[in-house]
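Shared chain: chain A. Partners: chain B in the first complex, chain C in the second.
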Partner chain A sequence: MNPMLRVDDLHVHYGIIHALKGVSLEVQEGEIVAIIGANGAGKSTFLNTVAGLVRPSAGTVMFLGKRLAPRAHEVVKAGIALVPEGRRVFGNLTVHQNLMMGAYLRSDTAGIKHDEERVYKLFPRLQERHRQPASTLSGGEQQMLAIGRALMSRPSMLLLDEPSLGLAPILVKDIFATLREINAEGTTIFLVEQNARQALALASRAYVFQTGSIVLAGPSGELLRNKQIQEAYLGARGADRKRRRQSKVSQPPA
Partner chain B sequence: MILSRVLQQLVNGLSIGSIYALIAVGYSLIYSILRFSNFAHGSFLVVGAYAGFFIVTAMSIPFIPAVLLAILTAGLAAVTTERVAYRPIRERNSPTLYFIIASMGIAIFCEHTIVATIGPKFRTYPRVLAATGVDLGLVSMSKMDVMAAFMAFLFLIVLQYFITRTKQGCAIQAASYDLQAAGLMGVNVNRLVGTVFLIAGILAGLSGVFLGMKYTVYPQLGYLTIKAFVAAIFGGLGSLPGAIAGSLLLGVMEAFIAAFLSSQLRDLFVFSLLIAVLLVKPGGLMGKYVEEKV
Partner chain C sequence: MAYIQGVMIIICVNLMGVLGVSLLTGFTGMFSFGHAAYMALGAYTSAILVGRLGMPFVVGLLAAAAFAALASVIIGYPTVRLVGDYFAIAALGFGEATRLILDNGGSLTGGARGFVGVPKHTTLPIAILIVILGAILMRNIINSRFGRSFVAIREDKLAAEAMGINTARSRMLSLAISAAYAGVGGSMFAHYLTFLQPVMFDINKSTELAATVVFGGLGSMTGSIIACIILTSIPEIFRPFYLWRMVFYGLALVTTIVLRPQGLLGSFEITLEGTRRFLTAPFRRRVSAGGGARWQS
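Let's look at the complex of A and B:
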């Protein structure tokens, strides 16, 4: 089967910084795939490159058998929607207007209305607040809005950049359950997460990024059992962690 | 009679204030999208003023179509400026300072190009409307001023409708909050920025035509935009109703100071006002002081 998304030898440079060093991966239609890794591993850079916010210096991104255009609005048109890191909802617009912005490329009024209802069904809190400016929402509600807004373009693939960032654990659970629901309705999901445990619980398989390269890949269950992964990303108890904590304490105050 | 004098100054102030508003709104619009002070804004105004002058004097086109042609020229000048000077800076994600310096360069380039080609002398628009006055009992206004104020408000109302009631307008509002995120919604960011410059250029060009008719046309006419910048900050940078309110208030205050105190104090007052606003209420009258969300 041809993969839905195929990335070949993707490189990104920020000036002299080589942020992505030849990343190649695939996502099949209907999957939930995660990228995990530490801060600065290039996870966000990768997602932003696919979404057309960052220009790659080399490599190709194929989506549904076609080369993906390198500009954000063309990526949306091709059927990929990004829920960006930090949510980035339009604080000066109402919840309803934010959702309408998500449907910017569509003109089928009835379909847009239907999808807005669907978003409200997924996130009832948004319906209660549909006339409020997005800036008045809590962090969790903003994350719901950001996901809902992305769904309004009817994407075949949803990209999420750190959806759990800054949210209470209970809320993370809710949002991840909703993501599973969205996937069950037919949207392929590709997410980047620092919260590796949550990400591996949701995704069927994952790629592990480290300093701009993929160092490990496999089914989530396998990665969860992997000792290195446990120590590096799942907060497994061990001498290493204790040592790190001690060194933190002994650091002189800034 | 004191009432008549007060009313007359009020009318004069609103008249010049409506021209400031045309400049301030475009300036504020560009600021809200690209977050920099476009010092080349005066150049758009000057292009409009000269285009209007040459179209009215050299071609035998009726007045209104001539004005429309002139402001379209100014709009295209603004779009070209963005395309040539600002877009490369934008696409390289360079610091805001680069935009500011580029815009200053354009302003100087434009002024000296006009001096070198058209010449530095003052030119007077043919008296199309200015000679006749409208007498309203206590106050009188030149027909030109009445039309300028009328057209200014017509354009501003159309703009307000466009921004608050249409899909493209909503995209401009969204882009003023987060330009990149607007791109993620499927908005063609380059086209949106181009549209904003077209609108700003057209409004500046219209003000240029009116200023040219009210006073004269000369290469440094664009310096007047500094007052509109003050008005935009006074009203609240980034807010269109704020820019309009600030412009009208500034126009009226200027008229009163010039009439009842001294016309030499007028400009001193304008810049003292700027300093006072920045010290006391940096968000201006209607400024949306957007707090950074984490």
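Let's look at the complex of A and C:
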């Protein structure tokens, strides 16, 4: 089976900084795949490049068998929607207006109405506040709105950049549960997360990024058991503390 | 009476320019200090077509809009991707360049001595009609799909892009529409004054348009309209005070910005529906008194 998304040898340069150094990966239809990694590993750059917001200096992105043009509006048209890092809702517009913005490229009024109802079903809080300006929502509600807004383009693949950023753990749990629900309804999910534990619990597979390259990949269960991953990203407290007590020298993360 | 009519015509002229700048600055978030140039291009286009070539006034108006829009596309193509201050500076440079070109236009524009003998066509009813049509069209533009894309760009350009909005094209479109409005204003101006000079369209005029929009409230078309009426009238009302009149103008601007940084109306719009609700509010309040559940709706 051909993968839904196939990225081949993707390079991105910001001036003289080589942010992505030849990333290749695949996502199958219906999967939930995560990218984990530290700050500055190139996770967001990668996602923004797939979304067409950043131009790659080399490499190709294939989606559903066709090469994706590095232009955001072409990418959305092809069926990929991005939930950008930091939510970035339209603050002065109401919740309803934000959702309508998400359906910008669509003109099927009945379908848009139906999808708005669907978003309200997924996030009942948004329905309660549908006439409020987005800037008056809490961080969690804004994240819900950002996800709902992306769903309004009826994407076949949803990209999420750090959906847990700055949210209380209980909210993160809620939102990740909803992501699972969205996936069960047929949307492929590809997310970038610093919260590796949550991401690996949600995703079936993950890629580990480090300084612009993939250093590790595999099923989430395997990664969760991996010693290096435990130490570097999961903060494996028990093992770590014991060793530190013995040697008094903390090891730098791999 | 002729004097008051004249002031009202000038208000209409400025309103066209202000409607344009309001769309660009208030709704799309792009500052321009060069919109007098589009007025100038409209004024001279119309003056040449109607005054020299004897075409009808309507053709002059439409050609003014078209030529100003065309010029904005030519200047917009390389600059519209610039963000924030850079675009404003590019627009400022374009404005001054246009004025200097007109200054040195030879027999075509009459140069710095001016363009004489533009036929007088702009009467008060015509001016008011054009402004009303322009305002209705503008309202439809803002409520259209493109209008929504402009607002999305103002709110957050990156998020707008992620929604599938072609931001470069939308910004270009907003610039072209706003230039066309300024062009029509210029044409009305030419056919009212019957005499044109490049110095009428200098940086002061551009600044005046931008200041009016900020004064009225960014993101409010009705605010821009009210601001334009106030700011155009003040220097005329205080004309008896001669040199002091511009002080009142400055005072009105500064006081407003200090007391209401968001402008007269902020981003609030005065609508027919809103006015109706406001006027009937006392009755509704009586009906729902004791209910107290009105806020939840």
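Before moving on, here are some points about what is shown:
As a working rule, the second predicted complex is superposed on the first by the 237 of 254 C-alpha atoms of A that agree within 3 Å, B and C clash if a C-alpha of one lies under 4 Å from a C-alpha of the other, contacts with A are read in each partner's own complex, and residues count from 1 in each chain.
Basically, contacts are C-beta pairs under 8 Å (C-beta built on N, C-alpha and C of every residue); 3 or more make two chains touch, one makes a residue touch a chain.
Everything numeric here is computed off the predicted structure, so don't read it as measured data.
Taken together through their common chain A, the two structures put chain B and chain C in a clash. Once the two complexes are laid over each other on the shared chain, residue contacts for A:53 go to chain B and to chain C alike.
In the overlay built on the shared chain, the residue A:129 is in contact with neither chain B nor chain C. Contact with both chain B and chain C is seen for A:149 once the two complexes are overlaid on the shared chain. Contact with both chain B and chain C is seen for A:76 once the two complexes are overlaid on the shared chain.
Once the two complexes are overlaid on the shared chain, A:166 sits against chain B while remaining clear of chain C. For the contact definition in use here, the residues of chain A common to its chain B contact set and its chain C contact set are 51-53, 71-73, 76-77, 81-82, 84, 88-93, 97, 100-102, 104-105, 149-150, 153.
Of all the residues in chain B, the ones that touch chain A in their complex are 167, 170-171, 173-174, 176-178, 180-189, 288, 290, 293-294.
Residues 51-53, 71-73, 76-77, 81-82, 84, 86, 88-93, 97-98, 100-102, 104-105, 135, 149-150, 153, 166 of chain A are the ones touching chain B in the complex.
Residues of chain A touching chain C in their complex: 51-53, 71-73, 75-77, 81-82, 84, 88-93, 97, 100-102, 104-105, 149-150, 153. For chain C in complex with chain A, the touching residues are 145, 148-149, 151-152, 155-156, 158-166, 219, 267.
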